[in-house]
Amino acid sequence: MMGATQSYELGFMTAPRLIIRDLTISRGGYPLITGLNAQLEQGQVMLLRGPNGCGKTTLLRGLAGLIPQDHGDFAINGISAASDHANMMRQLVLIGHRNANAESLDAYHALAMTAGLAGLAPSADHIMMALETFAMAGLAKRQISHLSAGQQRRLALARLALFTAEPHRLWLMDEPFNALDDDAASTLNHLLNHHLESGGAAVISGHGAMPITANQTLHLDQLKGQTQSGKKEDRS
Amino acid sequence: MSSDLGFFAMGGYGFYIWSSWGVAAGILIAVTCHSLIRSYLIKEQLNRHLTDKTDGDHLD
Amino acid sequence: MFDYLANPTRFRAITAVIFPVAVAVTVAALLYGLYLAFFASPADYQQGETVRIMYIHVPAAWMALLAYLAMAVAAIFYLVWRHPLADIGARAMAVPGASFALITLLTGSFWGRPMWGTWWVWDARLTSMLILFFLYLGYIALADGFERPERGSKPASLLLVVGVINLPIIKFSVDWWNTLHQGSSVLRFGGPSIDPAMLLPLLVMALAMLGWFISVSILRMNTLLAQRRLNVLEIREQSPQRGKV
Amino acid sequence: MTTLLSIPMMLFVHDLRAACRYPGDMLASVMFFVMITTLVPLGLGPDQALLAQIAPAIIWIAVMLASLPQMDRLYTREARDGVLEQMLVSPAPMPLLMLAKALAAWVIIILPLILSAPVLAVMLGLSINGLLAIVAFLGLGGLCLVLIGSMAAGLTLGSRRSGVFIALIVLPLAMPVLIFGVMATTAVLTGGDAIGHLMLLAALTLILLVLAPPVSAAAIRFAEE
């Protein structure tokens, strides 16, 4: 385990968004991710690919501090989970498989809750603006249980629009483009590009074609103890 | 000590004394047997498993 | 020192030594205890022969509490230092521990019948033992209440920690409830003040039960270890493309 | 940025808003509470003197039984929705969020029962000054029940058993609450000195306030692993 004393003294803005050192995470008593090393600079996107069950979600949730690692360490913006959990949680946004919309609230309050949980305190029209980015403003009063799956997914992604003031956060997104129609996908792409241009970074898992150009691609299934980052293509 | 015949009478409380010891013995023996049987079954299953794989390290 | 025990093969080597010793102690202490309990100890001037029930009732009560405390210590080892063997230890001790609580309750009611004419008397100690028995059942039900067996380890260990913190509270509240409703406890179970000739069988029987507890717990731990190894082997078979890890 | 307490308070408010969405649930648990209490006179007969004597015990046991089924699904919906995942990823410490949820559960589950307890107390022939005592002590005892319930709900999250199974964990831990609560209430009704029992109930509440949030937080962190 990397000693907390050997903390990253790099300046806040210059610290790499994400450093992963020899990370091993096991699931069900079984090493699923072994000896992963990776680094993500500002403005970069890392793509996680691989068949189901190869550890994409495990890695994303591990980076969010939800799954303990066997050994190795990682740091987001120079802050490692072991040293300062609360501060670390302010360095990331997690969009998991589950939409995190509280079922018995309406769309507006569900979004307000998840934003509040992440430490933001958005104003009412800031939330309406976020809903508007994903064309959900009309459904603000609609109960979550009355929304379609696609609408619920758009509501979950609308949360991203509230983080424009905090570009340092690492976006950890689990198959965000799944079951999204075209304009929602382009809205997400637009938000992501805006986030990257203002210095943010993202780790995204997914299958098939995604409308983003990845700086690094990790194929988790072929990953056995060494990093295999995709060819470095500059962002067009 | 009282004569053998009286021994089991236990001064009239024989029923309670012997049944309480009997119940306790019953429970202890039941747990012991349960543990032994499960241990035997699991180890047997494991050994069969290991011999199928022919990688040999039998459980002692 | 803690890591020393953590390795299953080393654990098996150690238990291979302890197990026969524990069994030998159990048998010896049991025989000697039976002899003392029935032949070499006087009848109580007040309770007559039924005092012999005490020789099984009191050691079982001690062991029920001792087993629960041992499980709680194992649970703390598992939660704090992530010792997988500690969890297996706690699971192995659960059923023997619960059986001691059950023995205490049943022998207690057989004791109460001749003395006070009722099969169950709401004495403070018996009531606390009843609640301890519920805590045992709660642990056993939670430990294997999950689809995948190892998922139950952490919640069950947490329940043990909560249980052991609540034990004194339960004990105190039951005593408080008892003294207010019934006055001082009616059942005198003796204690250091009892006749030394009665103390010896008590201690020997306690030793026999301790030996039995250790032997059965080791046996059950080895079974759980083998079970876990079997599960890993089966998982590996169902996902061949992961290759030999 | 948000202060340490603002996120838990926000969560508390949203929990209440979610509960107010279905007021029917609260009504159902109150009716269940009333029905349990009416069972006793049906069983024991209408003898007012006897009922008055055991009224505190009836009401306390009825509160425990009425609140138990709702403890079972305290977190199951939020776990399925993914809200628990977001709570674990929140900068606010998880034990504080758990305390906020437990207090919200107190308002949703225990408060309706307390507000309807006086009616039942009168039905069981209790004096007026007894009502205040019952309401006050049930409030404190109810908090203990909710804290124990939140621990049990966290521990059984993701287990394949539900329903009565949670009672096997909650009830042994809740027995001291029942003992202190009933004795405190009875002491007030019989004009005795209730301070001692009340202090014990308050002490137990403090212990649970310190113990339950971290345990529930750890249990949920394990379940979400």
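Think of it as A, B, C and D in the order they're written, each chain with its own count starting at 1.
In the analysis below, a residue touches a chain if its C-beta (ideal position, glycine included) is under 8 Å from a C-beta of that chain, and two chains touch if they have at least 3 such contacts.
On a predicted model such as this, the values are computed, not experimentally measured, just so you know.
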Nearest-to-centre chain - CA centroid comparison: D
Furthest chain, CA centroid comparison against subunit C: A
Selected interface, A-C versus C-D, where C-beta contact pairs are more numerous: C-D
Chain centre separation in whole Å, for subunit D relative to subunit C (CA means): 31
Length of the line joining the C-alpha centres of subunit A and subunit C, rounded to whole Å: 48
Centre-of-Cα separation between subunit B and subunit A, whole angstrom: 56
For subunit B paired with subunit C, centre-to-centre distance based on mean C-alpha positions, whole Å: 16
All touching chain pairs, where touch follows the definition stated at the start: A-C, A-D, B-C, C-D
Subunit D residues within the subunit C interface of the complex: 151, 154-161, 165, 168-169, 171-173, 175-176, 179-180, 183, 200, 204, 207, 211, 215, 218-219, 222-223
Subunit B residues touching subunit C - in the complex, by the definition given at the top: 1, 7, 10-14, 16-17, 19-21, 23-24, 27-28, 30-32, 34-36, 38-39, 42-43, 45-46, 49-50, 53, 59-60
Contacting residues of subunit D [partner subunit A, same complex]: 1-2, 6-7, 10-11, 14, 17-19, 21-22, 77-78, 80-83, 85-93, 221, 224-225
Complex contact set, residues of subunit C against subunit B: 12, 38-39, 43, 48-50, 52-53, 56-57, 60, 95-96, 99, 102-103, 106-107, 110-111, 113-114, 212, 216, 219-220, 222-223, 226-227, 229-230, 233-234
Contact footprint of subunit C on subunit A as seen in their complex: 28-31
